[in-house]
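In the two assemblies presented below, subunit A is common to both, partnered first by subunit B and then by subunit C.
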Partner chain A sequence: MPIWEFLQRYSSVVMHGTWVTCLQFLLAALVAVSIALVIGIGKLSANPLIRGACVVYIELFRGTSLLVQLYWIFFVLPLFGITLPNFTAGFISVGLNYGAYGAELVRGAIQAVPRGQWEAATALSMSPFARMRRIILPQAIAIMLPPWGNLLIELLKGTALVSLISVTDLMFQAKQINASTYLSAQAFGTALIIYYLFARGLITPSMRWAEHAVARRLGRS
Partner chain B sequence: MVRFMNVNKSYGKLNVIEQLNFDVAEGEMVSIIGPSGSGKTTVLRTLMTLETINDGVIYVEGKPLTHMAKGGALVPADERYLRRMRTSIGMCFQSFNLFPHMTALQNCMEGPVQVLGLSKKEARERSEELLHMVGMIDKRDQHPSRLSGGQQQRVAIARALAMRPKVMLFDEVTSALDPEVIGEVTNVIRKLVTEHNLTMLMVTHQMGFARDISDRVCFFFGGKIEEQGTPSELFGNPQRERTKQFLSAVKEAI
Partner chain C sequence: MNFEWSWTLTWEIMPRLLWATANTLLAAGAGYAIALVGGLIFALAQRAALGPVRWAVREFVEFIRSTPLVLQIFFVFYVAPQFGMQLSPWTSGLLAIGLHYSAYLSEVYRGGLEAVPRGQWEACRAINMSARDTYFRIIIPQALVPAVPGMGNYLVGILKDTPMLSVIGVMELMHAANSIGSEHYRYLEPFTLVGLIFFLISLPTAGLIKLLERRLRLGLGL
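What follows is the complex of A and B.
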């Protein structure tokens, strides 16, 4: 079947899948960023208990497979009385996993803010919270944005795994089409291209724009 | 105003400050000179509580700075107590340490708004007045990256003063500057000495400047005050061998 005919016939299914992937990506990114900030800052805490908990979190979620975590959250948690719908289990798993990687980016960026900035804020008697929020984080964000761009592309591709718990995302639809038509090249080729366009055409330019905006705030451009 | 009582500070086995007893009177301008590694910067940093001390007590305005009274005894101060005590002390650094994501004006307003709880309007008025005093009012909306070293240091002085400290600490504030802009910073400090009754402690390598404006000069060596006196005493007629050596070495460098 020629590709345009394929697209004509399956475009609505593919579009629906793309939309679900888009939602999975946005929600998982939100979870990942929030988790990364909390765990990344917590790992620098003076309190050994908080620090220890954050290390355990990072080790657990970074050291084990995302697919296994996904299955755990979807199939095993119900045994402990926590049942999540597959859509929710999907983006939460992906978010928790990539949040562990993000936490290290946050920690590294905070530590890369020059010592003198901490001292200047302390000399102004700022509280640790105000110092972090007003002085350190705004500068750390400028440092961590480029690696975050990278991580978000990884995260987008990671969302393809949610098709395995029957979330009807792009990958799920591609597999469905393949199973019913055996048009493997067209089905997976289309998915491949859409993932690429998503990363290259949306994530990369957005991150570049964000880097620009932050640089402007620092008076660098 | 400031009193160090038997203060010790060490990093592992290295004693940076040893059994230091040191008083600074209200309104006094004291310069600290000495070779590198003599502990002079550490004195300022412990006073700003950027470094903890191992032994002894530091008092500011008669109150313990590093310790707080608890059940009749002095215990190491907690974060909240330290924060309250810090507000009476301001510090300027060798590398300026302006906040790069804020304009000159925002840098000055940050402390008064966030810490002292001033309204934006009050903080702005106070900051503009100070930026005017340091000659930086025209650049109030510039980010630090657009300012020269001398300009950044003048903003940093205004930022510290905006907290209305009683004690100001200057830690080698001209060391990172090009020679031709040192004057614009020293002039601001000179102005503070003549027009305000601030207590000031200054670590410096500029002997001429220290001689001009100080009430007292302390020569530090090996974590102790080796010799101190009025500028004319210390520079004109040093008594100790190490002071003489240091001063002649500095003279040769010029």
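What follows is the complex of A and C.
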């Protein structure tokens, strides 16, 4: 079957899958960014208990595989009384996993803010919270945005795994089409191209734009 | 079903899981070997004299890096037979994972190659070395040193991505845990043990790589 005929027949299914992948991506990114900020800042805490907990979190999620975590959260957590529907379990696992990688980016960026900035904020008798929120974080964000662009692409790729717990995302639909029609090259090829366009046509330019916006706000461009 | 940990089941399934662990390690090792060579080819092709070749390889690498590995595994497994190549799950899985990490490693190599000072190239030209000798005897050995940390990271990365091979039926850890789970109607023990095994492999590996990196730096007087 020629590719345009294929697209004509399956476009609604593919579009639906793409939409679910979009949602999974946005929600997982939200979870990942929140976790990364909390754990990344927590790892710099003076309290050894908080610091230890953050190190354990990061090592645990980076040391095991995303697929293992996904299955664990979906199949094992219900035994402890926490039952998540597959859609929620999907984006939460992806978010928790990439949040651990993001936490290291946050920590690195905060540590890369020049010491003088910390000292100046302290000299103005800012509270630690105000210092972090108004002085350190805005500069740290400018430093960490470029690596976050890469991480978000990794996260998008990670969301393809949620199809394995039957979330009806793009990957899932491609598998379904393949199973019912054997048009493997068209089904998987279309999905590959959509993922590529999503990553290079949407995520990369948005992150570029965000980098410029942040640089402008800091008066650096 | 309850959440009480069953030690009887743990000891019963342990041999199967350990056997599958060997398969996981084999898959990671073989995939990495493919990626080491493939990455070098991609990295060198991106320095080719011919403009279109450079551009095509660059786009191909970008494409592989920004699409999901699990989709690529399916693609290779299902599309290759349409072109008359019957690939076993192992072959197509290793091919897909090797190709995926080739793209990543080519970026690491590229960074290393670009870090070699210009003077080294000029010196090779000055003593009339062939292009082959220039690359294999002068440039690549020097490019490998700054590439070691990145290469180590992807070794751990490939290990953690091998569970994806279970989707096409490669008998590795995740596949074993899945079938154990459905046989015994218990997922707590197999999945937790798989997580633990991954943790126990990847953490020391990451530590070893850091140690190696420090040794290498000390050895070169950096």
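As a working rule, the second predicted complex is superposed on the first by the 221 of 221 C-alpha atoms of A that agree within 3 Å, B and C clash if a C-alpha of one lies under 4 Å from a C-alpha of the other, contacts with A are read in each partner's own complex, and residues count from 1 in each chain.
We adopt the following convention: a contact is a pair of C-beta atoms (placed from the backbone, for glycine too) under 8 Å apart; a residue touches a chain by one contact, two chains touch by 3 or more.
No experiment lies behind these values; they were computed from the predicted model shown.
After alignment on the shared subunit A, the placement of subunit B and subunit C results in a side-by-side fit free of clashes. Of the two partners subunit B and subunit C, more subunit A residues are in touch with C. When the two structures are aligned on the shared chain, A:112 is found in touch with neither subunit B nor subunit C. In the superposed model, A:185 makes contact with subunit C only, not with subunit B. Shared-chain residue A:213: touches no atom of subunit B or subunit C.
Residue contacts after overlaying the shared chain place A:82 against neither subunit B nor subunit C. Using C-alpha centres, the superposed arrangement gives subunit A a vertex angle toward subunit B and subunit C of 110 degrees, stated as a multiple of 10. In the superposition on chain A, A:56 makes contact with neither subunit B nor subunit C.
In the superposed pair of complexes, A:120 makes contact with subunit B only, with no contact to subunit C. After overlaying the two complexes on the shared chain, residue contacts for A:30 are found with neither subunit B nor subunit C. Annotation: superposed on chain A, subunit B and subunit C show a minimal Cα-Cα gap of 26 Å. In the superposition on chain A, no residue of subunit A contacts both subunit B and subunit C. Within the complex, the subunit A residues that touch subunit B are 114, 116-117, 119-128, 130, 134-135, 138-139, 142, 217-220.
Subunit B meets subunit A in the complex at residues 48-50, 79, 83-84, 86-87, 89-91, 93, 95-101, 103, 110-111, 114-115, 142-146, 156, 159-160, 163. Across the complex, subunit A is touched by residues 1-3, 62-63, 65-72, 74-75, 78-79, 82, 160-164, 166-167, 174, 177-178, 181, 187-188, 191-192, 194-195, 198-199, 202-203, 206 of subunit C. On the side of subunit A, the complex with subunit C involves touching residues 59-60, 62-69, 71-72, 75-76, 79-80, 153, 156-161, 163-164, 171, 174-175, 178, 184-185, 188-189, 191-192, 195-196, 199-200.
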